[in-house]
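A, B, C and D label the chains in the order they appear, each numbered from 1.
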Amino acid sequence: MASKKLVAAVVGVGPGLGASLAKRFAAGGYSIGLIARKESSLQSVQRELEQNGHTVLSVTADAGDVSSVKNAFDTIRKKFGNEPEVLPSMIKNGKGTILFTGATASLRGSVGFAGIATSKFALRVLAQSMAREFGPQGIHVTHIIIDGQINTPSQVQRQPGKDINSFINSDTIAETYWQLHIQPRTTWTHELDIRPSVEKF
Amino acid sequence: MASKKLVAAVVGVGPGLGASLAKRFAAGGYSIGLIARKESSLQSVQRELEQNGHTVLSVTADAGDVSSVKNAFDTIRKKFGNEPEVLPSMIKNGKGTILFTGATASLRGSVGFAGIATSKFALRVLAQSMAREFGPQGIHVTHIIIDGQINTPSQVQRQPGKDINSFINSDTIAETYWQLHIQPRTTWTHELDIRPSVEKF
Amino acid sequence: MASKKLVAAVVGVGPGLGASLAKRFAAGGYSIGLIARKESSLQSVQRELEQNGHTVLSVTADAGDVSSVKNAFDTIRKKFGNEPEVLPSMIKNGKGTILFTGATASLRGSVGFAGIATSKFALRVLAQSMAREFGPQGIHVTHIIIDGQINTPSQVQRQPGKDINSFINSDTIAETYWQLHIQPRTTWTHELDIRPSVEKF
Amino acid sequence: MASKKLVAAVVGVGPGLGASLAKRFAAGGYSIGLIARKESSLQSVQRELEQNGHTVLSVTADAGDVSSVKNAFDTIRKKFGNEPEVLPSMIKNGKGTILFTGATASLRGSVGFAGIATSKFALRVLAQSMAREFGPQGIHVTHIIIDGQINTPSQVQRQPGKDINSFINSDTIAETYWQLHIQPRTTWTHELDIRPSVEKF
């Protein structure tokens, strides 16, 4: 029988921010659809969620391929009996949250980073334009600038001498995303930065 | 006997953001020192806090007069046996939060608003400079841009035809300030905006 | 016999800014290669330049097609015996100017303009990144924000009631581009805006 | 007999940008009123201008003292029979240029520079506000960000090993100010930066 819980789809799940977001939104009462290209990226996250009693479904899909993503969303909807929220259904419901993740390169261009900076600048103004366009219809769009390295296992291992407090904690980022998600519409944040206390900026 | 709880001093308490901040930090476990120029601004906030079982002290002082503020802080310290946090003690403890409140005029100059814009631009870069200077020492400095009208009783009364959802809710702002205050130092936000969903920006 | 004059290639010549730039750089001593998709866009500009005694060659090419543009540059080089400057030759010579034209949408996203804003934001940071990367090698990269309507014949005709002084004059923009081009490397501008005195911003 | 030429007052003349501005505006046809606190700062600039046939008057005044500046302007007006342009006369004439000089600290706060950054941020938005307020009345207000060291004799002497091309040339800055001054009102620049090719930014 289909669950009545709201469904959050996390696209591009890995051992870092994706896993933390899945856990935070599960704790907030959502059924979770995990989407990644490789099944191996999904298994440990799914296991952890299930061990904590959460409702979760893993589906592989390639975010670069529209029909592949569409199939994944269809699979999730059939399983949970409730659609993961996407822009058209958000507009219909007059309600929804879209969180875009930016980076240091969202704020300035630098030598050797023209490629990432052009796409991150474009993403920032896409978020800003969508906020202006869909905000009055109840869709909360926020651009979050993650300025620093996240404490993913691979990042931490690669830099054994580096103080763990100089990495951003992915669970705490997820908490911030959750707080943004539950802001009432009288009091929305549209852009904020996140960085460790020791990060130069 | 002196309380062992941490003390938050709210300077410039009125029926809007100041009252909401006092309530939120009281709920978070702080003893509250309320400071305002006129006793009449303090009484109803003090009463509401006490009715909810919080520890609170009201003191009148003029924020434009250094010795008057110093006296108020002394009074609060004597009563609670614990100092409200200010920058020097924060640096000594390697820990503290300073939240600056900006406005629409923090982001752009406009006709007839040169006066407020110059002071708000200056405040923004003061916050940014302090964040860069004191962040590595454990002091979390954030600049919050409040872009819209707050639902203070007088603002709401003055515009009877205006939808209540087009005002920013002061209790929800206070919740955001609290969330900033409890961010761990691996994951600090240094600037964010707050506005209602219907606000043009 | 081949000319010894420097060659400026103006890509996308029309009756507005392209024509004005061709005239200004011709007046500054450059041989001019005019490039546009349709020959009809080139003829009147070529005629006007020749009547003023300037050296000019028109070539059709499609800027969306790399080999088409390459052919056009080859034709221009054979005719003038001197290559129009492009980035690789600029780096070799330790000298060159690249001017990118932005718009109002380079500065902010707005309802209905997400498409143009994403590409203009990306262009802005591309210019900024190139300035940081190639500036120390002698290449002057500037991003010019044109905020308003240019006085092209078609724009002016379409809005018969509009004051001519509320359009930006394309010849004056071209003068600004020329002044940027001749700035010595001790004193470079990397970004500036241009708008009419009556434009809201 | 009084001159009919326009009068430019340069306040705070020294051997760097002030001297260069005086020379450039004299070359552009203006009578020059030189104002500085100490007569010694004025003599060599006055001599150089007179040797080139320009009309010049030196007056000492303290920019921090309103009546002192007012007296200096009165002296200049009596001598030249024409007032140096200030905002009220600009508004009356529907015409005028005001150029504000910013710095690196106009763009960001940094450790140890909170004092200069707050005043430079305030100056930037004052310029922006004045541009928006007085632009439609014909007053051209521009904010120029000088990001680097100017080649004043004392700066150059103090850093004997530093390449002269890594200093900004004050005469070239003055040329840029002049070009801004003569921009027609269809094509105004409101903000631009100036830095040497080798400057990190």
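Brief remarks on what is shown
Basically, a residue touches a chain if its C-beta (ideal position, glycine included) is under 8 Å from a C-beta of that chain, and two chains touch if they have at least 3 such contacts.
None of the values given here were measured: they were computed from a predicted structure.
For chain D, the chain whose average C-alpha position is most distant is A.
Inter-chain centre distance (chain A to chain B, centres taken as mean C-alpha positions): 30 Å.
A straight line joining the Cα centres of chain B and chain D is 41 Å long.
A separation of 50 Å divides the Cα centre of chain B from that of chain C. For chain C, the set of residues touching two or more other chains reads 132. If you sketch which chains touch which, the chains form one closed loop in which each chain touches exactly two neighbours. Screening every pair of chains for touch gives A-B, A-C, B-D, C-D.
Considering their complex, residues 108-114, 117-119, 121-130, 132-133 of chain A touch chain C. Chain C meets chain D in the complex at residues 132, 135-136, 138, 140, 151, 165-169, 172-173, 176, 179, 183-198, 200-201.
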